[in-house]
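Heads up, the next two complexes both have chain A, just with different partners, chain B and then chain C.
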Partner chain A sequence: MKRGVQIVLWLLVAGFLVILPQLATTNYLVNVMITTVMWIIFALSFDLSAGHVGAVSLGHPVFYGVGAYVTALVAPSLGLDFIGSLLLSAFAMGLLALVSGIAFFRISEVSFAIGTLGALIIAQLLANNAYDITGGPMCTQNVPRPVLHIPGSGPVTVVEPVHYYYLLLPLLGLAILIYWRLTQSRIGRAFAAVRQDEVRASAMGIYPKRYKLLAFIAGAAIIGALGSFQAQYITVVCPSELTISYTLNLLIIVFVGGAGSMRGVILGAVLFSLLPRLLEIVTDVPPAWQQLIYGLILLIVIRFLPEGLDSLIERALQRLRGTRTEAKPDAA
Partner chain B sequence: MQPERPPVLQIQNLTKHFLGVTALQDVSFELYEGELLSLIGPNGSGKTTLFNCVTGFLKIDGGRVLFKGEDISNLRPDKIALKGIRRTFQDVRTFPEMTVLENMLAAVQQHQEENLIARMLGTSRIHHLEHTATERARELLDMVGLDNVRHLEARHLSYGQRKLLEFATVLMPDPDVIMLDEPAAGVSGEMVTHMMNHILNLNRQGKTILLVEHNMRLVMDISQRIVVLDYGRKIADGLPRDVRMDEKVREAYFGH
Partner chain C sequence: MPIEVVIFIEHIINGLTLGAFYALITLGLSLIFGVARLVNFAHGDIFMVGGYTLFLLLNLSGITLPYPLIVVLVVVVTALVGLLIERVVIHPILNRSWRVQAVATLGISIVLQNLALILFTSDPKQTPTIYSRQIIEIMDIRISVQRLIILVAVIFIFLALQWFVKHTQTGKAMRAVSQNREMCQIVGIDVPRIAMITFAISSGLAGLAAALMSPLFSVMPTMGSLLTLKALAAVILGGLGQVNGAFFAAFLLGLVEALFSGYVSYAYRDVVSFGLFVLILFVRPQGLFGRRVGL
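Entry: the complex of A and B
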C-alpha cells in the first residue's frame, strides 16, 4: 500500500474513533466502546511476544492486574496524577518483565507458557490473601479518579465514561505506534528471525534472548499502563483482575484474529468485544452459552483457518492486487 | 608447506565429550588468511561437532579457539558471528516465512545493534543502511541465481535453492571466515558443480573458507589443504595429493 493512502486510512480511523462517542446515546454504549478499546490494547500487548517472538505468556494478565494495584496502592502516596500513575505502572511492569523475563527465558517455550501461568495463579493468590495490603477479596477501594487541570477553570474530576474514553484513546494510539514501530522495523525482522529459527538467528549475530525480552518488556509496560487506567476508571482493584479467564480471552482474540498481525489482532478484539453485545440484543443468550459459542468459534477457526481471520483478508487483498502481482515477472 | 600468511583461526587441542563419549580429542590446526581448507572424514568423525564448538553452539571441554589471536572459546554464538565468522548448517536453515530478500537482510541488521532507539524511530541513517544492504543482497542473489525469486517466501524454494540462499546469506556481512557445513550434500549433480564453482570463485576473490565435506572427491580439486578427522582425532593434515595417498586416510575411508 502506498504511504499516502495508508496515512489517509489511519486518519479516517482516528477521526471515526474520536466522533464515535457522539453517536452513542447511552453510557452503556460508551462503556462498550471503552471495553473494546481496552481489549485491543490488551491483545496488542500480548501479541508482541506471543505472535512476534513466539513466546506465549499465559501469565500476561499479571502485568495488567499488578499494574492496576501499583496505581491503586503506590501512586496516591506519591501524589501522582493520572499520567504519572500510568507512567509509574508502565515502568514498574516493564521492570517486573525484565526481572522475571531473565528467569523465564532460560527455560523452553512450553515451560515458559506454563511458568508464566503459574506466576499468574500465584499473583492472584497473593492478592486474595494479603488483606492488609490489597484488601483481599474486599478489593482496594477508592482509587482516586483522574483530575484534569484546564486553564481558565479549576481542576475537574473525570467521572463521565465519555471523558474516560477520550483519556483512553491516546493510550490506544501509543500502543499501536509502539507495536507498529517494533514489528515493522528492522527489529521486527529480528523478532521474526528469533521466532522462525533461533539457532539460525544466533548464527547471524542476533541474540534471541535480547529480542524476546524487548517484546516481553514492551508488552508488559503497555498493559501495565492499561491496568493503571482501569484502576482509575473503576476506582476499585480486585484480585479478579488477575483472572486466568483474561488469558483465555487473549488466546481467543489473538489466534482467531491472526497472531503476529496488527490488523488481525485488532479485528479479533473488536469481534470478541462486540459479538456478545450483539448476541444480547438479538437473542437473550445466557452467558454460559456464550462461552460455548466462543469455544466453537475458536475450534472452527483453528481447524479451517489456522492463521486466523486475517488470512482471509490477506487473501482477499491479494486477489484485488492479483492482476498487478501477475504482471511482475518476479512473482513467478 | 605452511603459507607465510598469518593464521585467522587457530584451533588448539580442541576436546569435546558427550556423556563420556569422546567426540573430539586434542584436535589442532590453523586456518590461514585467504585459504580454502577442507575438513573431511567419515560420518561421525566429529566434523560438525568441531564446527559447533568453533562457532559457540557447543561448549568446549578442553583446548581453545583463537580468532585473529583473540580467544573466542565458549563465547555466545551471536558474538562469534558478529566478530566475523559466519557459518551454514548441514540441515539447511533459512527463515521459512521470510522472503528470499528478507532472509538476506536479516543477516546484517545487527550492525546497528547498539542503537535500538534509532532503529525504532527509523532515522534517515538507518534508511540509508537499509538501502545499501538491499543493493548488496540483490548483487549476491544475482550471483547465485536467486534474484528473480527474491519476493518468494523461502519455504517455497527447492532444497537446492535454499542451500544457495543460505550460502548467499553468510556472505552478506562480508565475513573474515566463512564456514560451510556440507554445502553440496543432498543436492543434484548439476547443483553440486554449481556450488563448488561458487566456493572456488569466492576463494579466488581472497575469502578465507573452512569447508566441511563428507565426500573426499568433491574437495580434492578445489582445496589448498585438507585436514582429515577420524573418530574425533586428526589423522592427516596436508596437500590434497598427499592426503589422498595417506595410509591412515585410506584406511579410515576404505577400511584397507
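Entry: the complex of A and C
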C-alpha cells in the first residue's frame, strides 16, 4: 500500500472512532465500546511478546492487575492525577517486567510460559489474602476518578462513560503506535529472527534476550497503563483483575485473530468483545455456553487456519490485488 | 506418643498422600511431554472427567458396583476420552510448534470445563466410597484407608510403568521417541501411534487419580485447573521430560504443601508451592534433576 493511502486510511479509522460515541444512544453501548478498545490494547500488548518474539507469557494479566493496584494503592498518596497515575503504573510495570524478565528469560520457553502462569497464580493469591493492603476479596474501594483541569472553568471530575472513552482513545493510539514502531522496523525483523531461531539470531549478532526483554517491557508498560485506567474507571480494584481467565481470553483473541499480526489481533479483540453482545440481542446465551463456543472456535481455527482469521483477510486482499505472496515461514 | 509427634506424623502422611496424588497426575503429564513434547493444559480436566465418571458410576440407579470395578471403568473411560482428544485435536497438529499445541490443549480445557458446568452445574458433588470413611488407628495415628490405597497404588503404578518402558516393545518405542523423534521415524517407528498410545496411558493415569482421590475431596468443573499447574510445576522442577525427576518433585510439592498448611498458614499454601517453584526455576533453570534441554 502506498504511504499516502495508508495515512488516509488511519485518519479515517481515527475519525470514525472519535465520532462513534456520538452515535451511541445509551451508556451501555459506550461501555461496550470501552471494553472493546480495552481488549484491543490488552491483546496488542500481549501479542508483542507472544506473537513476535515467541515468549508466551501466560502471566501477562499480572501487569494489568498489579498496574491497577499500583494506581489504587500508591498513586493517591503521591497526589497523582489521571495521567500521573497512568505513567506511574506504566513505569512500575515496565520495571517489574525488566526485573522479572531478566530472571524469567534465563529459563526455556516452556518453563517461561508455565513459570509466568505460576507468577499470576501467586499474585492473585496474594491479592486475595493480604487483606490489610488490598482489602482481599472486599477489593480496594474508592479509587479517585480522573479530574480534568480545563482552562476557563474549574476542575471537572470525569464520571460519564463517554468521557472515559475519550480518555482511553489516546491510550489506544499510543499502543498501536508502539506496536507499529516496534514490529515494522529493524527491531521487528530482529523479533522475527529471535522467534524463528534463537541460536541463528545470535549468530547474526542479534542478542535474543535484549529483544525479548524489549517486547516484554513494552507490553507490560502498555498494559500497566491500561490497568491504571481500569482502576480509575471502575474505581474498584479486585483480585479478580488477576484472574487466569484473562489469559485464556487473550489466547483466544490472539490465536483466533492471528498471532503476530496487528490486523489479526485487533480483529480478534473486536470479534471477541462484540460477538456476545450481538448474540445477546438474538437470544440469551449463558456464560458457560459462550465459553464453550469460544473454546470450539479456538480449536477449529487452530486446526484449519494456522495463521488465524487474518490469513483469510490476507488471501482476500491478495485476490483483490491479483498477487500472491509466499505464506509466512512459521506460524507462531 | 506425645500429641506433637502424632500431629507431625499425620502431617507427613497427609503430605505423602498429597504427593502421591500429585505424582500420579504428574506422571501422565511428564510422559506426554517426554514423548510428544506436548504441554497438556487439559490434563487436569481429563482428571475432572474422571471425577464425574466416578460420580456417575457411584450413583447408578439400581446397581451398586464394587469399588475396584468402578476404578477400572473410570480408567477405561478417561483413557478413551484421551484417545478421542488425541485423534480429533492433537493428532492433526502434531508437527506444529509447541506453542500452538499448548494453546490447543487450553482450548480443550475450556471446552471440557464448560461442558461439565453445563451438564453438572458448579455445585460440588460428593463421591464417598466405603474406604473414605474407614479410619485405621496405629499408635494414636489415624489414617483414612482411602489415603493408604492411594499411596500403595501410586508406588505400584510407578514400578509397573518402569517395567513397561524397559521391557515392552511399545515402552521401548516410547523411550526412543522421547530421545530422538527424527531418528525413530527413520528406523520405522510409527511416531504418531506412539504419541497416541502415550496420550491414552497418560489420560488413564489421570482417571486413576480421580477414582482414588476424589472420594476425599469433591468433584467440580474447575477441580483440575490448579492441579494441572501444580503438576506442570512438578514436571518442570523434575527436569522437563525426566519422568522419575517429576515423580519425586511431585512428592516434594505434596510434603511442602501439607507441612506448610499444617504449621504456618493454610491460606498461603499455594503461594508457597508456586513460589518455591518459581524460585527453584531461577536458581536451577533446568530443574532439580534435569539436564539442559532445547525446549
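Definition applied: the second predicted complex is superposed on the first by the 322 of 332 C-alpha atoms of A that agree within 3 Å, B and C clash if a C-alpha of one lies under 4 Å from a C-alpha of the other, contacts with A are read in each partner's own complex, and residues count from 1 in each chain.
In this text, contacts are C-beta pairs under 8 Å (C-beta built on N, C-alpha and C of every residue); 3 or more make two chains touch, one makes a residue touch a chain.
From a predicted model like this one, the values you see are computed outputs, not experimental measurements.
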{"item": "First (chain B), second (chain C), both or neither touched by A:Trp10", "value": "neither"}
{"item": "Touched partner set for A:Gly115, first chain B, second chain C, both or neither", "value": "second"}
{"item": "Partner chain in contact with A:Arg186 - chain B first, chain C second, else both or neither", "value": "first"}
{"item": "Superposition-derived comparison: chain B or chain C, residues of chain A touched", "value": "C"}
{"item": "Touching partner for A:Ala203 - first (chain B), second (chain C), both, neither", "value": "first"}
{"item": "Chain B versus chain C as contact partner of A:Trp289, first or second or both or neither", "value": "second"}
{"item": "Contacts on chain A seen with chain B and repeated with chain C across the two complexes", "value": "330-332"}
{"item": "Chain B residues within the chain A interface of the complex", "value": "55-57, 76-79, 81-82, 86-87, 89, 93-98, 102, 105-107, 109-110, 112-113, 116, 119-122, 126, 130, 148-152, 169, 173"}
{"item": "Chain C residues within the chain A interface of the complex", "value": "39, 89, 92-93, 96-100, 102-104, 106-111, 113-115, 117-118, 225-226, 229, 232-233, 236, 240, 267-268, 270-271, 274-275, 277-278, 281-282, 285, 293-295"}
{"item": "Chain A residues touching chain C - in the complex, by the definition given at the top", "value": "50, 54, 56, 103, 106-111, 113-115, 117-119, 121-122, 125-126, 129, 244, 248, 251-252, 255, 286, 288-289, 291-292, 294-296, 298-299, 302-303, 306, 330-332"}
{"item": "Residue ranges of chain A in contact with chain B within the complex", "value": "181-182, 185-187, 189-190, 192-193, 196-197, 199-208, 214, 328-332"}
